[in-house]
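Chain IDs A, B, C, D and E follow the sequence of writing; residue 1 opens each chain.
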């Protein structure tokens, strides 16, 4: 099992998703896994870019893969689901379409970069499931869970169409990992439904409606919080709850967290190190659930 | 009555075939008694000019050993062809191309350069004010019958004295065999092998060995011990001296008349014995056969279907 | 530059799998390059390395042997014998100057008309850039 | 051999099949100039009577002694032309066929290149045929006994047909009873006759027929030999109850220490429980229970009071020490009717099978509506309630690149049938979701019309998902179908109580093993491959082995029965001919040349080559040799030759193909 | 409620309005190969979370495309509403990469200027593209700001609360980051 990974945070993890970056780093540190951030990484060439210029979108993405091919560790971790999909898609298209491979090759050559051989694109969840394993997670989890059951929300990009470790239509790794850490979960049918992506900004009526459906169904199934694997999902579900309350008149206020935050907590990390203060919705719940026990407080002093 | 005239000549070969004639021992006296040797550069002082002076067709049998690899050898072969009624390709080199024929895996220019480096002799050679014209290399080493018509073949590297004696008897006797005959039995060596009985009925091989790797059992079929013995592929007639010496047959008597390409056929038979159906395992079993061309075409590359390396 | 001559590939196919796959490609109207010439034998186990040497000696630009998948031989094990010979023969043929691309053994079952197309197309595409081969007679002259 | 070779070459247009891509005239003109060619003609259809007459006539008039026909695959018409030669007075093997249709005109677009290819192939054949020798076909006698593998409706029908014709039949079935899938069905479409009513009499006839030996709970584990004389090994699993002693009173089941069923009942698709000692269904044949050692207490712990043995009493039919046995039988022909398996609905997770309890497969519904099923024909949900609305989703696992590409052919009709039966039993609102409705059988379209008139909904659209996501209060507690109604052009959400998945048919998981055991080929989807899709639909490439039923492709009961009859007829035709002709392409040792090296002996998979201790030579038993030629290729001294595929013939063909036109 | 009847709209298509050659070209683009194998089963539209807002939905877009109705496809709002969640592609029984087909249409629509000028989605894509080309990375703040300015500046007023929340929780980066070395990128020959 590798202990060292190259790390590609992606643009979102530097702004709206900064808590994701913090918590993944904290969680990996607790598990003795080292992340080596790629130097000078660039935008993955995601959705919006792809809509304009396919050729250079693949080059952009390939540039990161190529940086990883140069790096010491060929397992490239990216927590952002969109980045994960684009990087994997790039590998797939370069492999299957000679025309795209040529274009990418030319782009890399112009930059003096090597071809993208042998890089394995990984997601932290999949690393926890496959490399760390449920057993170790169980042993590393020291804090009993004090909150309500959680709805695991995968969103779309991580599980399809390039996902090869979990089931595309009904993924279960997040539930299994949380369960191993002693965190109860609820099942809900919308766990891979789209959060609306950038539509929340461009056509709020549509985008926020999708968020509303997901939040509502999770609550209907008895979840006290939603846990995500994607910075955009977290942002959409978290940041617009006030707007949704206003437009629907329903009192929805539910924390939307990253799986790395709740797991990090179970393994004893500090709330601040996990960026738990950065959530917008469900602030009261977060305060209750993630208050360190008195004994821990004392130990700290 | 004048005795039939016989000539011996030596082209590209090691000289072993000439030795065989001497190895007839006392019997050579009978030969000398029966025939009149008119040309034998290795043993007697005749010159080319003496042959030139002979009438065409005046030699009864010319025994030519060695392959043809340069212009002089070709010239001599053509000369003897004119002077002789019957030409016998004597020994593996003349019959099949022989060991010199392995040169066909390279271009002769490369070979010369590898051996002599920048000092390679030129066709016109000047030294101390003298000038010498050296024979020119042929593009390919050839067996004798690719250069001149040949009536008979005596196989072997070298032919054994016994088979040589039989050849002489047959040719000088009253009823010579049909032209084109290889003067040895048309069956494979196993027929004659002293270890024939010890070959298992269903022999398959898990591991091929090279002779230096094991001390071979003196009685048992060598192939059954994993040694690559080409007896099953090779024409008999030698009476298996190598095998009696506990060494596997390397195929100097060449193929039977029903096989077009000794090397390919030998490869087929040998590889078929690899005892596995798994690609990687088969590769492993056959790996000890490090040099298939040298192993299977040791004596016959020029007369193989390929004739040598396929060049572009 | 010499005129580009289309490579000619000698294919030796077993009667029960690969020859039928070629028939199926026909009935399915699957298109592939017209560079192969099929000689039918009953089993790939019948393929004598002499045939391969002969084909290359006569100027074939490639030789393709087609047999049933491992375990599927109509005669139970003939394709394994073919595989054994091929493993050694390809080494020898390579030593004699024939590029790997020119000599292939492929398992193609009777239902794989499409795979036949893939194999033939791929082989032709890989041989074409190697240029034409000369026959032995051309070399020696 | 001083005979003058006089070859006739015939190039076929095959209408425009060949002529459209190959310049047939040019090929014929080219062939005329080849060595030994005396006559070269082209003709519209060489396989037609006038085409064949042309050959016969030329043989007489031009004293032809070699014939080459360039047309289609030898697998199609080699036999036709050989017969024409024989009728023309020439040995039928002085013939070579050139395949310029399947392997030339149909696969190439470039006419000049295809024409040159045809010329190359014709030249090769002309070179080769000159070396052909006259040969005589061999013949092997056919044993009259037949093996039928698989006791579904196909196997039952084939076995009865043969047995009625007086042939001895071995019927081998892997399950404890015959009947196959049909035994599980309730009604059959489109006539709605009860499956049991038409099947059970046939099952009883199998048991009663003096010519049929029925081995249930048994599997064919090895097949040796060839057409006319197969040696078949059958492994008989122990059922722990002696078939010959049991009278089928079933008192042992009653007496079992388990008072109620406790284990998954396979026959009822897990909708009910059975005991460790059980009979699959009341009309099972043979009418003999079976003990499942996986669940029987005595097998697991050795501590059972064995009340079943007591109940059997003096009959002593229960033998807990029974062991697996093997039977070896000799048969002349084999009919394979091994059937199909149902697509596993778990593989389409979007439909929630295994997640939501009220999602059923069609076969489960067959049991549910069946009067002898687990609920005695009462259609109820898992909680015992009657469904008020039912969705039937078509094409589950079929017509889908991710699962099975093919149309399973029976699902449309059985879905309509289940729609009718469910409507009849529950009066629920029924929704059929389909991509295309396929009803091309006798009475099928009429049945579809009847269903429309019954008020069943037909919504054209592949269901996207089945969830319990209640978005609207009307959806609480229901299963919600989300689908685009493609004819109306909008997405719909339809809440239902029950979902039925019309799962498709696919080859058995072990079809590949079975195929190898019987030396068959599979088509790309894994069903057994017939010899020719139109002209030899029940034959296979292994002579003497025939196919019946869904092991060849999905089919409904009428087609299955028809095919089983055809397979039986083919077997009978062979048996009644008494013998079968075999190709003379065997190998033989040139004894005067053999050195006795024994290289050939392990090459032969049929043990046809033996080494004689007297002569010290190898020899090939012509009856055992199947003509693969592997020994020929490996004989180190070239002392084995093969008819029709001799070295010289192949060398000539290679030379011909590689010389340039 | 009375509906006003309107007889001036006709819904017939003449074959001259179709461009089969365009359909063929689309099907040759990487990822779009499956175009012609579509069964029109509707599982894409059925599973699409946004199809209920679309004018055609993915199934009909595929149908229009393979018949060559270029104008209808490129002018549709369906292609812009696609959020690229790949649900259609995963469900498609013919394994058509519908999402990639949509990308292809989006690019062609932008190249051919076939979208409403102030339509936020393509504008957002363009701004994203411009920022990445300039800086090597994106900046959410900058992209959204520029998109709003180009489409409907008033929208910024509805965003103030979210912006404030983000600022308060340290999730809004006002300064955009620029790589030391911005990668050279070829431009698609538009």
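Just so it is clear, a residue touches a chain if its C-beta (ideal position, glycine included) is under 8 Å from a C-beta of that chain, and two chains touch if they have at least 3 such contacts.
This structure is a prediction, so every number in the text was calculated from the model and none was measured.
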item: Chain E and chain D - chains in contact with each; value: A
item: Farthest chain relative to chain A (centres taken as mean CA coordinates); value: B
item: Chain at the geometric heart of the assembly (C-alpha centres); value: C
item: Furthest chain, CA centroid comparison against chain E; value: B
item: Between C-D and B-C, the pair joined by more C-beta contacts; value: C-D
item: Euclidean distance of C-alpha centroids - chain C vs chain D, Å; value: 30
item: Averaged-CA centre spacing for the pair chain C and chain A, given as whole angstrom; value: 51
item: Gap in Å, rounded to a whole number, between the CA centres of chain E and chain A; value: 24
item: Where chain B touches two or more other chains, by residue; value: 259-260, 265, 268, 272-273
item: Residue numbers of chain A (touch at least two other chains); value: 169
item: Multi-partner residues of chain C (at least 2 other chains); value: 48-50, 54, 77, 81, 85
item: All pairs of touching chains, each written as two labels joined by a dash; value: A-D, A-E, B-C, B-D, C-D, D-E
item: In the complex, chain E residues that touch chain A; value: 30-31, 49-50, 53, 81, 83-87, 89-90, 97, 103-104, 106-107, 110, 120-122, 124-126, 128-129, 132, 136-141, 144, 147, 158, 161-162, 165-166, 169-173, 177, 179-188, 190
item: Residue numbers on chain D that touch chain C, as the complex places them; value: 73-75, 99, 101-104, 106-110, 113-114, 116-117, 120-121, 124, 516, 519, 521-524, 529, 541-542, 585, 603, 605-606, 626-630, 632-634, 642, 645, 647, 650-651, 653-655, 657-659
item: Residue ranges of chain C touching chain B (in the complex, touch as defined); value: 48-50, 52-54, 56-57, 70, 77, 80-81, 83-85, 87-89, 91-92, 95-98, 131, 133-134, 136, 139-140
item: Complex contact set, residues of chain B against chain C; value: 105, 139-140, 259-261, 263-265, 267-268, 270-274, 276-277, 279, 282-283, 286, 289, 291-293, 296, 304-312
item: Residues of chain D touching chain B in the complex; value: 590, 593-599, 601-603, 611, 616, 630, 633-639, 647, 651
